[in-house]
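Per-chain residue numbering starts at 1, and chain names A, B, C and D are given in the order in which the chains are listed.
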Amino acid sequence: MPESQVPIDWLADEHPQEECGVVGIYAPSEDVARMAYFGLYALQHRGQEAAGIAVADGHGIRMHKDIGLVSQVFSPERIATLKGDFAIGHVRYSTTGSSSLRNAQPFLIDTQYGPIAVAHNGNLVNASELRAGMLRSGVGFSSSSDSEVLTMMLAGATGTTWFERIQNTMRLWRGAYSLVILTGDQLYAVRDPWGIRPLTVGMLPTGGHAVASESGALRSLGCQAIREVKPGEVIMLTNTALSVGQALPPAERTALCTFEHIYFSRPDSFWDGQSVHQVRQRLGMHLAEEAPVGADVVVPVPDSSIPAAIGYATRSGVPYNDGFIKNRYIGRTFIEPTDSLRKMGVMLKYNVVVENVLNRRVVLIDDSIVRGNTTGPLVKMLRDAGASEVHVRITCPPIRHPCFMGVDMGTYDELVAHHHTVEEIRQISGADSLAFLSLEGMMKAIGRSDGYCNACYTGVYPFEVNAHTAKTGFEQAVGGQE
Amino acid sequence: MPESQVPIDWLADEHPQEECGVVGIYAPSEDVARMAYFGLYALQHRGQEAAGIAVADGHGIRMHKDIGLVSQVFSPERIATLKGDFAIGHVRYSTTGSSSLRNAQPFLIDTQYGPIAVAHNGNLVNASELRAGMLRSGVGFSSSSDSEVLTMMLAGATGTTWFERIQNTMRLWRGAYSLVILTGDQLYAVRDPWGIRPLTVGMLPTGGHAVASESGALRSLGCQAIREVKPGEVIMLTNTALSVGQALPPAERTALCTFEHIYFSRPDSFWDGQSVHQVRQRLGMHLAEEAPVGADVVVPVPDSSIPAAIGYATRSGVPYNDGFIKNRYIGRTFIEPTDSLRKMGVMLKYNVVVENVLNRRVVLIDDSIVRGNTTGPLVKMLRDAGASEVHVRITCPPIRHPCFMGVDMGTYDELVAHHHTVEEIRQISGADSLAFLSLEGMMKAIGRSDGYCNACYTGVYPFEVNAHTAKTGFEQAVGGQE
Amino acid sequence: MPESQVPIDWLADEHPQEECGVVGIYAPSEDVARMAYFGLYALQHRGQEAAGIAVADGHGIRMHKDIGLVSQVFSPERIATLKGDFAIGHVRYSTTGSSSLRNAQPFLIDTQYGPIAVAHNGNLVNASELRAGMLRSGVGFSSSSDSEVLTMMLAGATGTTWFERIQNTMRLWRGAYSLVILTGDQLYAVRDPWGIRPLTVGMLPTGGHAVASESGALRSLGCQAIREVKPGEVIMLTNTALSVGQALPPAERTALCTFEHIYFSRPDSFWDGQSVHQVRQRLGMHLAEEAPVGADVVVPVPDSSIPAAIGYATRSGVPYNDGFIKNRYIGRTFIEPTDSLRKMGVMLKYNVVVENVLNRRVVLIDDSIVRGNTTGPLVKMLRDAGASEVHVRITCPPIRHPCFMGVDMGTYDELVAHHHTVEEIRQISGADSLAFLSLEGMMKAIGRSDGYCNACYTGVYPFEVNAHTAKTGFEQAVGGQE
Amino acid sequence: MPESQVPIDWLADEHPQEECGVVGIYAPSEDVARMAYFGLYALQHRGQEAAGIAVADGHGIRMHKDIGLVSQVFSPERIATLKGDFAIGHVRYSTTGSSSLRNAQPFLIDTQYGPIAVAHNGNLVNASELRAGMLRSGVGFSSSSDSEVLTMMLAGATGTTWFERIQNTMRLWRGAYSLVILTGDQLYAVRDPWGIRPLTVGMLPTGGHAVASESGALRSLGCQAIREVKPGEVIMLTNTALSVGQALPPAERTALCTFEHIYFSRPDSFWDGQSVHQVRQRLGMHLAEEAPVGADVVVPVPDSSIPAAIGYATRSGVPYNDGFIKNRYIGRTFIEPTDSLRKMGVMLKYNVVVENVLNRRVVLIDDSIVRGNTTGPLVKMLRDAGASEVHVRITCPPIRHPCFMGVDMGTYDELVAHHHTVEEIRQISGADSLAFLSLEGMMKAIGRSDGYCNACYTGVYPFEVNAHTAKTGFEQAVGGQE
């Protein structure tokens, strides 16, 4: 892999990227590293930048992590060196510029209490302050990651058990953290009191338990009796019953991330007790009610918008069909088209299915508009293919505020809806009409009236956030590259 | 890449694999290697084993090829070394055991007429005889590929122009060959007189022409005025008009491969003048007519069966929905589950969308049944998720005969429908009912009554085939590995 | 690189391995990373396990390090990403089992004073106690390296300048440390008050200064006016004059490592103001005086014993000649002979020059005997080639005590002279006679009566050493592998 | 490995490079691939560009070859896939520009007689004509190598046994060829009738035989009863006695390459029945007699000139000592110094041992002067180190004519002695005096009056050579790169 080059991912869609997926396994009679591998495989959509697995055998911890997809980072020989009863794993997405092995997870350190390895999904909004305090006390950090801050704080935590130490440090953390923590002979699953990111546990058929960011991954592992780790809970994975502790009381107002429903989670996962596929269908249905339009065909932007498009079609009576074919082998490439080729119209990610849109009025369903780079080209492709009208329908409200809780849309600048009205976005996109689902419609589709974080739509954050330090304040502190 | 190990692709579905995709570019003012790269990228579904590009600059030919996906084989530095006005490219699928660099394409040789590079999609059924004859005349072969035989024959062809030499050797070839041939300063596209495999040419917006196995790839490159290379044609790519020659008359009965419609081609490609997506929708419609069933939902086996499922739903009135979620990051992995994990139900490729099938009568649409390994597990997954009935509908007839024209289903032994009746296959799969589309229904959906090869259903081959030598007769002749 | 396998370095000779070589560059108008690369290249003999370079540009620090030889770890592209005015570099040897990226250097951390990178040659004997104290204060460590302890202590050091902070932590360190320390805009060279490991500075012809473990490396860089960093000194590299500070007074009795003369250093380096090549010649001369023997030829064990053999020949009057040819391409291989091949006598590292020893009485000069694995086979090779007598002469006394100051001979068990008398070793080796140079003779050859550490011969260490914790006490604390 | 870049081997000395080393093993009870690996390891000095091994198991042939050192090309897993009773191997040097996998050896092809693999050391001077003839007959070539021509001719050879076929093609070959040829169940060693390149066979201690370019490699494998393959011989390796056939009569005047003695061969090898180390000592002795000079020390250019320097010192009475230290880890690097660094005097390959030359009159022994790039810098280094006089002595005559028999000095242009007198070369080098050994002196040292090729000194070639086609005529015919 030509590591010295920044991949120019010109094929990237404009979706925000979340930072991570985590997995944990306790299965004394099984090959736990292999199970963690398969768990990460099922979570690969949550991060394609780096992957890592750490195992504990009752004494020490062994780890391997590297830049790349799960299938690239781990060979059978490598898996074979990772023997133990416990395993944790991590897949990571990272913003351009900090894509270094240095920030890959799990973080493994030796502490006064023995070795621990930590894998983290989410983002602490007060990491910068916490880190500054630790720096002043003489601690050095080898990465720019808030997850290292969190790990290092565990090393200095007080308490006679790891539960107590985790509990004591949780009091200091503000932000999103779904964690799996591995010691030499224990495995903990931890979720912040706001419940911002998902984390679920399940029972393995042959004994033991597994934990993963999404229930879809647990199902891939054959898990039964799956339930979410509740906000503020610390669960110790054991062979028989789970050992559950309420480390902190749940936040008065929880702040589950709406965007897991809208885009992040696999459609076969559950989030907040609900099938993501069903929620997305209902998003489409509500969108059909809120923003109907006379049309001949409903087409999704594949793959994330398929369920919503099915829902829109069902409710509106307009037939559903494929409008775009997505290259299944699209992946990270370091080769980009020249300007000349771009002008020529080289378009690798999608092709239109001309016959399905020619001379038709098309409703194009997309899950969200963040940076606004994709809608225009897609509309143009439909028009070029002969669509008589193109009506864009979005399954969530306009995203006008950055996220500081682990979604890669961290500045106002990059958000098209921060700078433009809906009508302006429509004009930019060239669509005949454009409608976003209302906040109320979205929450109805989700089936909840409260308990979710909608800050990216509303600007109302679940806790105080200093935008200057929350995300990017220290990202460049240590240069890095490895 | 741990080349010394055979990847155990336990995630593989049971689809047959075709041997290749080819691309050719003539664009004097452009970066032709980069264009070939993007063309191969759009053809990656036709072969994931190896990739190669050769370029000509008016004098010599330079080439790079290797085992791996297109994006793995080519770096920007590598592309930069491939300068020229002409380029050809190849992606290859290969059966286990002969997956070696030795068989990767293009084949580049120096001949009495200067260097030539050849990329081939298809399979000669008389390659074994032709090769034996050349061996006897003192030629040595460095691979077991029929494509090398074909290339070496060009080296020894008579004629004063390459058109004549190609024409003269075409007379000797029996079987499927869609070729791109690169000389130091010319580029030819060649299709066998039976028209077995697809090959299309198009005009580049900024001058020059491109040729590719599928029109979908040409559209990805921005091509206009796309047309198929006709059976028996040899087309020379030039800057302005194409130079078209009818090297051999088309076969009295052409033998276009039905399976391109059923499974191989991208749905956004055209085959035999027809949109593959439309044909697949019609396959579903005819299937709904031939084999209706009372049901609550129609679900496809993603991704190939989606258009047919939409068609089935449209015609039958039964609602369409997702039944399975396919892991988008599935790829070649060298790590397989232990027996214990298999028993646990580890299933990485698909998860059911439970809510869409629970307590419902499900129609499961699949494009074909070849080896019969997948249907049973999918039916079981649906039942485990609570489907009350599962009715399997297949968009082509039972495959009872091997293919010797480039599809990886080369022996009777591996074909479940050769050994079993439809009822037996139903029992094996555990479905409540099973129906295959009739040959007539399939041809009606395709919109043709003749001109296609349906040998895999009927056993009627377009020409004489010696099953002992057609495919596997010399595959092991040279050991190999590189 | 097949990282998952431990290389079975069956070709290894029995020499102890030192842990590191370091280099530092300040050259504002030059490509400092490239210069550091060449400096490490010239120090490759001091460590072939891992290599790393960190650069500072006045603000931040960028780093790359990896397992492998210098030429494997750095590509031109990689070097190009490392821009700055300052650079430090490190090559590392590591004992089997802890050969992980985790222990590679430099160590780069962010501190309250900004980022620092540290490269260390030597070993702290009180690292275990220091680390335990820091663990208790809540610091976590990501490696088992004493160098990380040392780096982390700098992060917590007090003082208003880096000189003060370095000085303040030096008071706490007991053991060997020749360091280069890089901040965002400064570069320091530090040597422990005992002066155990070498460290030299020189002036670059075009401005700026360089520091390296050995003067031979500085000369490779074209340096002039080379002088050693003195025990207890901290030197700040600048463009014009060096800024020299005596951070700690030199130890009353310095403890320069004798073994740098005997084996480690390049013969073209200076150590303690003396040419290593000259010292080695004198070792041979004194050996000729102490242990003369009637013989026909003096042959060295190449390459380290060549100067001593020349000296022995010169003084004794016995002609010097090659007795063994060493394979110049010997390197790390993962392939070892089968038992059957070993019995067959497969011997890749050395071949005898038969004509030079046949029917002759041979004096074989070797620099030292540590584990005692090599002498026997070499003697046997000479006998098999027809040598009538073989007399082994060693250029230092028997090594009977482990080293805790950075040489990889850390336990009594592995030292053959700890368990056996000279006569026993002679018998084991099969030599006709065996003599070691006396301590007095060795010191005379070195030209000093005092100031050196001879602990490995005498068991008298320069400071208190707890053998249980000095070296291996915490090496396994954090599992690791990366 | 960054294959797309041409390594700028600025550390290269000016020695000519030979094209290859070959090895063959027949040892039915052993791991023959492993033995071939060790054999190539011992021949690595003959080619560092590419390596390959082919094995036969009585039926087919399996092969692996790649760009890189032997230890880089072969992993234990790779070796494990190469099972058989016979093995051949090859290491290759190649001139810049054609360093491609395409030219790596062995060449493996399938023929009418079954598969054969061929490894070749040497160069055919009539390859261009032979290749042209085969091209005209319709054969295509996939490389520019004369070795492929040779291999392809075997495919078309007539005869009922391989011995006959080899014999029949040998009649057509003019030039240097020491070959190992592997069929499915036989192994042949072949040497041209002029005996230009070395080839030796030996008996393995545990049964079977081995063949290698140099006896030093056979000794590394434990071989006994080593003898040379004689000019014109074809030897079939078997388990018991060798099967020797005189395929062609030896040339009336054999043409053994002098340069094997001067530079190529390991000093522990025999060439033409004589110890290379002994010959080199005698070269030095004769040089001392022919070109004596008042001096204080004799120093070699390490490593190749060491034996000659010992000989010169012995005969002249001037003491021998090291003058230069050569970096033992020097290897191919893709990183070169900037102009600024070059001016600074960065010199990685050698450092002077100042004390051994300061204020002394130095005799510098070098084996040969080809391009003349090295002598000047070495003389300057000695002067800069304080040598009062520098007298250069060369162990062979001036090289004034190119070699077409496998040594990489193929054009008049590159030879400094073609353009300059000895006095001019002295002036260019800056030496106080310069002397070359006379042809007579050299042959005396070799101990022969005839039977050698001295064409590079005399211009008298052993057979007719067309300088235009002999070496470079077709090297660029096929572009290539892989």
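Here is the rule we go by: contacts are C-beta pairs under 8 Å (C-beta built on N, C-alpha and C of every residue); 3 or more make two chains touch, one makes a residue touch a chain.
All values reported here derive from a predicted model rather than from experimental measurement.
Contacts with subunit A and subunit B are shared by no chain at all. At the far end from subunit A, in terms of centres built from Cα atoms, lies D. Once the centre of each chain is set as its mean CA position, subunit B and subunit D turn out to be 48 Å apart. The mean-CA centres of subunit A and subunit D are about 59 angstrom from one another, to the nearest whole unit. Residue numbers of subunit B whose C-beta contacts span two or more other chains: 2, 5, 75, 77.
Chain-to-chain contact here is organised cyclically: the chains close a single ring, every chain touching exactly two others. Here the touching chains pair up as A-B, A-C, B-D, C-D.
Of all residues in subunit C, only 2-5, 60-66, 75, 77-78, 80-81, 107-112, 115-116, 135-142, 144, 151-152, 154-157, 476-482 touch subunit A in the complex they form.
Against subunit A, the residues of subunit B that register as touching in their complex are 2, 5, 29-31, 34-35, 37-38, 41-42, 44-45, 48, 69-71, 74-77, 79, 204-206, 216, 219-222, 266-268, 275, 277-278, 281, 303, 306-307, 310, 314, 319-322, 325, 327-329, 331-335, 337-338, 340-341, 343-348, 351-356.
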